[in-house]
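Look for subunit A in each of the two complexes below; its partner is subunit B in the first and subunit C in the second.
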Partner chain A sequence: MNSIYDMFSMIILLSGIVLIANKRSLSYIRTFQVQSLVITIGALIMAAETQHLELLIVGCLMLFLKVIYIPKYLRRTYNKVTHEIHKDFYLNIPILSFIACLLVVICYISIYQIPLISAKGVVTPLSCNLAIVLIGLLFMISRKDALGHIIGFLVIENGLFSTALFTTRGMPLIVDLGIFIDLLTAIIIMSMIIFQIDTKFQSTDTDKLHNLRG
Partner chain B sequence: MTTLITYTFLQIIIMLLLAPLPTGIIRKIKARFQKRRGASIFQPYYDLIKLLKKPQVTISTTSSKVLVLTPYILLGSTLLAACLVPLSTKVTVNLPGDMLVLVYTLALGGFFLTLAALDTSSTFGGMGSSRENTLKSIIEPALIIALVTLAIYYGSTDLRKIMIESANSSLSIDPVHLLLLLALLMVTITETARIPIDDPSTHLELTMIHEAMILEYSGRHLGLVELAAYLKQLIYITLIANIFFPHDQLISFGGILGIVLSLSILVLKVIIISIILGLIETNTVKLRFFSIANYAALAVILSLLGFLCVYIF
Partner chain C sequence: MSLINLATVLPILPLISLPIYIATRSNRLHHAANILINGVVLIIVLLLTKEVLVRSVLANHNLHTYLDPLNTLLLLITAFLNFLISIYAVNYLNFDVHHGKITSARIRIYYIMTNIFTFTMLLALTSGNFGIIWIAVEATTLASTFLVGFYNKHSSVEAAWKYVIICSVGIATAFLGVILLHLSSLQCLSEDLYLCVQALTLNAANLDTDTLRLAFIFMLIGFGTKAGLAPMHSWLPSAHSQSPSPISALLSGVLLNTALYPIIRITGILNTNADGSQYTTPFLLILAFLSILAAVYFILSQREYKSLLAYSSIEHMGIIVLALAINTPLAVYGALFHLLNHSLTKTMLFLTTGNILHTYQSGEIKSVKALLKTAPFTAVVFLLGLFAIAGTPPFSVFISEFTVLTAIFQAKSFVLGGILAVLLAVIFASIIYTITPIFYGEKDESTPTSSFKSISGNCVILLLLILIAVMGIYTPPFLTKLLTLAQQVILP
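For the complex of A and B:
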């Protein structure tokens, strides 16, 4: 049974790498959606296996929030933002994906140093999912687009959730609920800020925030 | 020795008969998705027979022997490569050669094709061979890392041993397999000049890669070059089908019946993979030439992660 969760971790890691290699804002959103869907399926399978009601509730919430609602909201935001930016990353994609690969190795090595964890056989899920957190950070700092920053933030959250899910069978329900509500508020506020940036600066490029106005 | 010769002969015939089928299926799927009825899936066979019946005409007076010899060298090396792919583990004949021989035998034909394209010194030929070589060199790391990883994982570079080991390992899905499968699928799409990389159905000057190289060929020589391209596609598809989706552990009995059953399942798998390739082709758009580096980087990363998986996870 453990190998299924290894597999899910690997698919999630794969979606992270694909995310890094994506070029357009709409494909970021789609990749994030697929990643959330994979985590949701993992959570539901685990709920069926362990018979935990909490996991089932969290899985359903994930499905509603991260697979359906947030991507739809972000797409709407993207369609309303009128100014597109063209080259929106600092390094080119091959270098970024090699850095992502390096992050996986770093995660693995640092986790392997901890003696108890390496004995317990959760090395693959733990290192893959922690690598997702780092890949989300890398994604955030490598994109200039404000929408990319939101996706990076969401991917970090996905990574934390899946780390908890695949290594310790999920966090308590109350913690997850708190995180989801925080996430929803954060996304709504950030989308509003994107509108503000777009109308004030005629672009969602965060590099241009240095420019003086007035 | 005689069994080896008989077996090789039979394998060549099977591969030749099966070779144009994936292309026919992919075209059919594509036509269906475009709301057309599309040609029959046996259309590539008819085209091939028509081309092979025609006489060869070489108009160019400046080209050398390379142009004339290349179709034969290409088809010969591809046929040699086709002999090296094990079709079924039920056959107990040990084929000579391994995966590295396979890859570089295929590369030999490709090398001569680029030479032939340069030989006529037409502008498109030069452009096509330049692009083809660029593609080959940026996608080759992915292919080689993936194959070497398989060799390390299963302890042999012999494709037949890899197949047997893969069939014997448990049926649960393996992360290494997933990563290498995706990498090899991306390599297959590149090597067989399918859509995200190259559109085989256009002769649009600015985007064609493989078509630009074979532009100077007509008649029987064109038929040979096309047949070699179909065979190469079949080789990659068979490789994917046999390594990642082994089926021989499901057949308990041996003998002639076992071999026939195993081969028919193989044909079924080839059809399924062709359908998947067709679906990929209808759902993606052709990449800009300068974006192909990103695609290749993704393929290399996937096989590199697979390699790391073997060692560290």
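For the complex of A and C:
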């Protein structure tokens, strides 16, 4: 059964690279939604295979929160704020995609060298998902739009979640639940601050936030 | 009800007072409720401390509650400072309302958010499960974001955004560490003990070393971001300088400890696991020195007194981590003692900046002049506090810095000790050089004629000042015992 989860990890990784290549805010949100859907399906398949009720609950929560609610909420946020960012990237897309591929290679090499992880046969899921976390970080630092930062954060969370799911067969339920509550609050708080930034600075361009340097 | 159950309900106590803030409109009632609830928390923590000193471990695995001397020490600091800060906040907030900086409805928001914030910190410190500790530390960021942006100015919104984004991402990295920690323990723990702090500490020798090392690195970077270690510190000075003074005191004196707590735990576990190997040392050393160097560089260029204190917090976190890196019993004892002293001193200083801010209505060093003449009490305690934080005898920060230095020299790291001593001296000089202009000068038309007066607030500041002065000469036996027991948890 491991090969199925390896495949899921790779699809998630692929969606990360697609994300890096996305240009518009609405397509970031779409890619994030697809990525979450893939993780949800993985979680549900795992729930069916291991007969764990916990995984089923987590899968359903994932479906409700990350596939339906959060993308909807983000689109609403997007529609409410003004958009005046002319150049959204610090680096161009081919270079970013190349860096993303490099990150994947680095993750694979470093994870491969740990004996316990090779012995458990979780090299592929762990390195793919670790790479997703790093790609999320890269995404955050390459975009100037505050909404892009939120998506980057969500992708990092996705990476963490799929790491937990595909390498350790999920964390204890209480931990998973706590993560969802935290995640939801984080997104709501970040969106509220985006509104505040938008009203105060007339834009969500984070380059304008430079009063507090040094 | 047995005491361990009391520890389980302890974090929930601040939440009990939420209906009062939501349902009633009287600010006086809100102030009273907040002080009362923090007082109750302090009394319970004192009872728990007494019990931990006798039995050394209180645990309930079903409810994921676990108290040992290490987190009891942090819990004691948290509860004590929370109580004092809640007293100080009364007049501070009333002044803000009186001068139209905030509406009286904002006080309710303030209290709702601080009580949730307290809940998350108490949860992180009483929990016996690494997963829950992670959730609680992440929740501290979320609960305090609006407190950082409380004044709703351009700069405070910016600080809040920086704070929530950088800390959330940092903490997310730490979660990867938690997953790897879980992975390293899969072969030696049964399912009901997954991520259990006590079980991991007891079974430290059986965990998989390579995975644990990776877990340590991720947790160090992740929680280190939240603890303000350089180079992940950039959120800290803005958040600490833009928030209201009682919140700055909470962030600096209490929250940084909560963020360091999981780092201290995982360092202890990894050091036990590798059986005396020095794997953790280089990582901790690098972050520690970067933090101290960042403080040296930035303190000199500061234009705001609150950011200056924030950089000094980064420096002190660096010293604590440096002492952990040395990893001898004396060094670890010094680290914990320093953590305690830094919290008390920094809280006192940030509360004093509240007085200055309310007197001069400006956070900039150059706008504050002739403080000794305008507000003599504030000026004197602020000056003494600055000397204390810079490490002057007879204050307690000096004693703990001296302990750390002694430990470094005893470990035969003469170069390291020498560099640290020089850097501490430079920081001392830069703090004094940068901030002395505010005390002197003549009064002119720009200096305010009256100063912010708050008897209860001044009593709190004075109490803290007396405490740090007394602890420089005499440490109460129960504290010495608690510190020694906590040191033995990290380094048996």
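The working rule: the second predicted complex is superposed on the first by the 209 of 214 C-alpha atoms of A that agree within 3 Å, B and C clash if a C-alpha of one lies under 4 Å from a C-alpha of the other, contacts with A are read in each partner's own complex, and residues count from 1 in each chain.
The rule we apply is simple: a contact is a pair of C-beta atoms (placed from the backbone, for glycine too) under 8 Å apart; a residue touches a chain by one contact, two chains touch by 3 or more.
Treat the numbers as computed from the prediction; the structure is a model and nothing was measured.
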item	value
Room on subunit A for both subunit B and subunit C (clash or fit)	fit
First, second, both or neither for A:Ile93, with subunit B first and subunit C second	first
Touching partner for A:Thr50 - first (subunit B), second (subunit C), both, neither	neither
Vertex subunit A; arms to subunit B and subunit C (CA centroids, nearest 10 degrees)	160
Touching partner for A:Ala21 - first (subunit B), second (subunit C), both, neither	first
Contacts of A:Met7 with subunit B and subunit C, given as first, second, both or neither	first
Dominant toucher of subunit A (residue count), subunit B or subunit C	C
Contacts of A:Val104 with subunit B and subunit C, given as first, second, both or neither	first
Partner chain in contact with A:Thr82 - subunit B first, subunit C second, else both or neither	neither
Which superposed partner A:Gln202 touches (first subunit B, second subunit C, both, neither)	neither
Smallest distance from any CA atom of subunit C to any CA atom of subunit B, in Å, after fitting	19
Subunit A contact footprint on subunit B (complex, rising order)	172-175, 178-179, 182, 291, 293-294, 296-298, 301-302, 304-305, 308-309, 312-313
Residues of subunit A defined as touching subunit B within the complex	3-4, 6-7, 9-11, 13-14, 17-18, 21, 23, 92-94, 97-98, 100-101, 104-105, 108, 112, 123-124, 127
For the subunit A and subunit C complex, residues of the former touching the latter	114-117, 120, 122, 130, 133, 137, 140, 146, 149, 152-153, 156-157, 160, 163-164, 167-168, 171-172, 174-175, 178-179, 181-182, 185-186, 189-190, 193, 196-197, 200-201, 206, 209, 211-212, 214
Complex contact set, residues of subunit C against subunit A	64, 129, 131-132, 134-135, 138-139, 142, 145-146, 149, 152, 154-155, 157-162, 164-165, 168-169, 172-173, 175-176, 179, 182-184, 186, 194-195, 208, 210-211, 214, 237-238, 241-242, 298, 301
